[in-house]
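Read through the structures below before going on.
Two complexes come next, and they have one chain in common, chain A, joined by chain B in the first and chain C in the second.
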Partner chain A sequence: MNSLRERAFLNRLDELRGTMPARPHDARAIAALAANPGCARRAVMDAAGVDKDRAARHVGFPAPFGQSQFAITRGNVFESLVKENGCAELLRLLRELLGLSVAQVGYRDVESVGSHLRHSHTRALIDRAAREDDGTAVFYDHPLFSLEIAGHTSYLEPDVVAFQIGGRFHIVEIKSFGMIDGQAEPDKVAAAARQAAVYVLALRTLMADLGHDPERVSHDVVLVCPENFANRPTAALVDVRKQLSVLGRQLTRMTRVEYLLEGLPDDLTFDLAPGEDGVPTRSADELTQALLQVPARYAPDCLSTCDMCMFCRHEARACGSTDLLGRQIRDQLGGVSGMHEALGLAEGTREAVEGQEEIARLLRLADRLREESLR
Partner chain B sequence: MSDSLDALERRIAGLRAEVRRAVKAKENSLARSLRGELRRAEQAWDAAISSEAPTPAREPETSLLPIREQVHQALAMLGVPTSAKLIVAVNDAFFSRELRGSQLTSLRRDEERSFRGDPYARPYYLCAALTDRLSPARGLLADSTWPAESRVLGPLSPRVDFLTSTMRIAEHLARLAEPPAGAVRLLSRMAQNIPGAVEGFAPADPATAIRAARAELEVHRATDAAQRAEVAARATRQLPDAERLFGVTAMNTLRGAC
Partner chain C sequence: MSALTALARLRAVRDGVAQRITTVRHCHISDQPLVLIPLKLAGEAAAPLAAMVGTDPGHPRLLVVPQPRNRDLRFAFAAGLAEVLLPYIEGFEKSTETVERRGGEPYERCLDAPQILVPNRSAASFTGLLGRSTRFRRAEGPYPVHPSVPLLGRWLTYFADRSQQPGSSVLLAATEALSLHWATGQSGLEDANLAALLGWIDPPPGMSGHRAAEEAEDPLLWPPAGPTTDPGFDNEVLAPAIRAYEEAPTDRAVDRVSQALRTQLDPTWRLMWRAVDLLRSLPEGSRVKDRWEIDRGSFTRFVERIAEGSPPQARRDGAVGAAARLAGLERARASYDVQRAHDDPLLMAEYRLTGEAFAGTVIAADPEHSEGEGRSRKLRPLITVRTGDPVRLTPGTVVGSPDRRGHAAEIVEAVDGEITLKITKGMGRGRTPAPGSVPEPGERVSYTSLIDDFQSSAALPGPEQTPWTHGGPPEEYEPGDDDAQEEWL
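Right after this comes the complex of A and B.
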């Protein structure tokens, strides 16, 4: 992208956002990007830094989530338990998991410099650790990374970065959901892995920036969870290569949001400028129309990651889209445009057109099985 | 005690069954002697239950010491810069058991104000531990009478201090004739993070814990001492009295001191 086009692109994004300041992304938001890469609505709104929560609220579909205060407190208590006494618990876990030698016990709290210097101090410490390889510091507590996303810098705070002799960095992610009998809930682990992948990517970017080999940041992240029903921490290595590649693709795609923008009307904007009472001045209908201009790809797991989920679900319901049934079924119903058509094929009220014979046969079989079991 | 109660209850139930059988069989003399035995068992049961009644829980003796004295007591025992959480845990395990974490939040600030108002008026101050950038380490409390080397932190110091405080707790525990259960639990929890200090989830043995902690301490001691000496020398050279105890909070203070 040359600079002129880049400026035009950034201007276009500013227009989309309107007069509100851009909303910075946190690791959760960046991770959620990778959860549904096919959604143009999300890609455009995130690239422009639109406050999706406010937008959803304004059009009357507030997102049902947000973390409960109890969950946050529980998470913080568990994290402080793992980190207390110079990461004593974590040290035990990493000695078992990564085979740290007894001499490797260093601990540095990046926060000791004050919040305004944390980012540069993190940079300096990581640079020194990567250069000298003396193994003095193993844990970096409260580091602060940055990651540039569509022209905006986002700051990210991983829980801990561990540095091991042999020169590899590991991201440590502390989560308070239980690992019971060696198993944790798959969707929670997947969410944690996506989030950790964002940190790995940020640290790799930093390493490349400092002129070191980015591959020295391990793609195995250390996930620390309470073991079984007690509060004793346990750790496992989680491979985030897949999440990393999805994330990398998604982030490069964000810079290609301009191709998505080309198809949109020039006067389109999601402006949420508040009036005197703090409520956006634009009417909800107008905003709804603007939102509908950008196609979404709804999937049921959007309900746990995206602020716009209720709006998109409503839209998908209204047009009887097969997206509502989840990705797997939607893919199986490829070539069938909506629920209405699928039901027609199943009940035989509709003739299968060319290319639909296979799925029509399956649908009819399913319908017959259902009839028989209900009889 | 409750074991003997269980045995007594079983015996009473058995005797009652036998009495019933004897009465049914019209063996009067046997029934009478069995009844006598039953009554004695019941009396023994009465005596046992009243002795078992929970002795009124030890009233937390209201300590007459002010909070800073209590914190100092815990710090003196541990001998290293310590987090508020561990101070409360130690106080709970060995001392008055009435210290709360929230009482410690403004302690350091109050001490600093007192020191700045009237330097060295008190025999000791509860001060900060200094990081290698001479700023106060988050959440750690130290004693101003300790040598400068023990009040500063190098990268290895958190581990060294953790091992040292585990040893101090174990030593203190070994001296007590009747170690309080809370203290044993505290030691076990800490010892679990030291290789070879404790078997699985069993209560820690103080002697083993000390041996294991000392073994690991030997690995770090020399490096840590060198790093700490360097920071301490820098602090002594660059900082005025108050900052030497309470740390440099803003960059301009440091610049003024250099």
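Right after this comes the complex of A and C.
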């Protein structure tokens, strides 16, 4: 992209977002980008930094995500326990896990400087560590990383600690779900791995930026969880290479949002500028119409990852899309996208168009067998 | 997921009500099941918060932990649960039957077995975690617990482990049992919500399944079936109630927590019994009894294990144990799939759709046909079946028939919807086939290559001969003091 086009593209994204500041992507949001790569609505809204949660609320379809204060408290308690006394507990775990013989380890809390300085402070610390390859080991708590997402710099404030020994880095992710008899819930581990991959990528980008070898950031992240039912932490290495490649692919795609914007009306915007009462001044109807201009690709999985899920599900239902029932069903229907269409083919009330003959034959047979067996 | 199920889901959307995907019931439903709805504290691995439990729909027992972070209160909860569960289980231990075995000692088997019903898969896993956190405890030594607690833990572990066995019904998740028999107009992911699922299957009068399911997603109308509670409820109702208990642990404070949790459990309790009624209303498949017999055998063996005083289940399987368990699960899965298809024409239809089975009318029969000469002469009746199904069975394939047990045949030829079969088993020992053993022209028959033949278990070495590639012979597992005193925060 040449700079003029790039400027135009970024301006267009700003228009789409309207007068509100861009919503920063946290690691969870970035990790979720990979969840449904085919969805244009989500890609455009994310690239423009629109507050999807607020948009969904305003059009009357709030996302069903909430967090219990018990879970939050538990998470905080566990994290502070691991980080107590300059990460003493963490050092014990890493010694066992990585087979280290270090007795001493430094501890730098990046949060000690003002928030506006944290990013440059992180940069300086990492640069120094990468240069002085003298075998010392240091924890960096509360580092502030950045990642470029569709032209915008997103700052990431990980709960994580970066651990450096001899110029090599590990990302340490602290999670409060239990690891019972060496096993944790697979979907929770997967979510943690996706998040940690974002930090690995951010740190690698920083290393490359500083002129160091990005591969010095390990793809093995350290996952710290409570052991069994107690508060005592335990650690495991998680290989995030797969998550890294998915994420990398997804982020390159984000810049292709440009192409998604091409067919859209020039005056399209998702502006959520609030009035005096804090409620967006635009009418919900108008916003709904704007949202419908960008096609979505709803899948039931969205219900656990995307703020717009209820809105898109409603839309899919209204237009009778087979997406509503899940990918598996859609595959069984040979990619026929309309429910009426599929039923019509099965019941013989609709002629198969070219390319549908095979699936129409199968559906008609299925329909006959079903009727026969239920008789 | 087959095209047939996909079609049923489409119909469910159009008609606004769930559609049957089986003609019979494929799981056992006890005359006296025990319903258990556990709740846990958000953010904790296995901190019980409450449970509603019982065998009488009109009289559930509510157990609560007024401060879920208090260890003593947790064990009191476990003891309370044991008070309900253990007598229920023991009720099945006494009456037994003697089973004769060919070439073996006769053995005793309980006439019936307990059955626990939980709302969903997460509740089944949580039951396993509760078992894991209680089975190593001891009644004496440091941190003593009530003697019933470790026993409860072993039983909960047994039920949770056993529920992974395909075809077993000792612990059923209601959402899974219902989804096995009905297709709704929503995705499988959304079917995990018990209220929404029942909304589709049995919507209130005058309401469509879709509307009922939508209403069921509102946590204020239908609290989640657990084990995790609604975050809104946690923050606005439960947290203040627990705080009040902490400040003054009075009966009134306990009451407040109990009342709050009751509002979350009552609706699910009613849903569970509605699920039981719905499942009962389906006619039972013919092989359900056989599978329940296996469950009864498994239950009896575990009763004996406990009576013999063997130690609680280990934290993890050894290499040989794990391999044996996996092989057992695979065999059970294969056999379960075949049995269900043989029991149920609608499930068999899925195999007809893929060409692994067919149904049709006999158009010709040669019941006296034989092969070989003299002493090696064998009776091999031939029949020809006309079918409209897309058969994909090659000559030589061995097939069985769901209509006739013990009957076996081989495909001779399949051309243009006419299939010639050679019957190889089930005609009796005479020179001519036993009456009725060979289908006659005009008869409706069905055949499939899906056969539930006996598979011998994999030959595995004894644990003491575990090869070095698998860590060598494991140390005998002895639960130690550490296990008994393990923290449970």
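By definition in this document, the second predicted complex is superposed on the first by the 313 of 375 C-alpha atoms of A that agree within 3 Å, B and C clash if a C-alpha of one lies under 4 Å from a C-alpha of the other, contacts with A are read in each partner's own complex, and residues count from 1 in each chain.
Heads up, the rule we're going with is that a residue touches a chain if its C-beta (ideal position, glycine included) is under 8 Å from a C-beta of that chain, and two chains touch if they have at least 3 such contacts.
This is a predicted model, so every value here is computed, not measured.
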Problem set entry | Which superposed partner A:P186 touches (first chain B, second chain C, both, neither) | neither
Problem set entry | First, second, both or neither for A:G211, with chain B first and chain C second | neither
Problem set entry | Partner chain in contact with A:P265 - chain B first, chain C second, else both or neither | neither
Exercise. Given the touch rule stated above, what does A:P21 touch, chain B (first), chain C (second), both, or neither?
Worked result: neither
For this session: For A:G114, select first, second, both or neither according to whether it touches chain B, chain C, the two together, or no partner.
Result: first
For this session: Identify the partner contact of A:G275: answer first if only chain B is touched, second if only chain C is, both if each is, neither if none is.
Result: neither
For this session: For A:L374, select first, second, both or neither according to whether it touches chain B, chain C, the two together, or no partner.
Result: second
Problem set entry | Most chain A residues touched (candidates chain B, chain C) | C
For this session: Would you sort A:L362 into first (chain B), second (chain C), both or neither based on which partner it touches?
Result: second
Exercise. What residues on chain C touch chain A, complex-wise?
Worked result: 1-11, 13-14, 20, 23, 41-47, 129, 132-133, 185-190, 210, 217, 229-232, 234-235, 239, 315-316, 345-346, 348-349, 352-353, 359, 388-390, 486-489
Seminar exercise, completed: Counting only contacts in the complex, chain A reaches chain C at residues 64, 66-75, 176-178, 180-182, 226, 228-232, 300-301, 303-304, 317, 320, 322, 324-326, 328-329, 332-333, 339, 342-343, 346, 362-363, 365-370, 372-374
Exercise. Which part of chain B faces chain A closely enough to touch in the complex?
Worked result: 83, 85-86, 131, 133, 135, 137-138, 155-159, 161-162, 165, 190, 192-193, 195, 216, 219-220, 249-250
Problem set entry | Interface residues, chain A side, partner chain B - complex | 80, 84-89, 91-92, 95, 102-103, 105-109, 111-114, 136-137
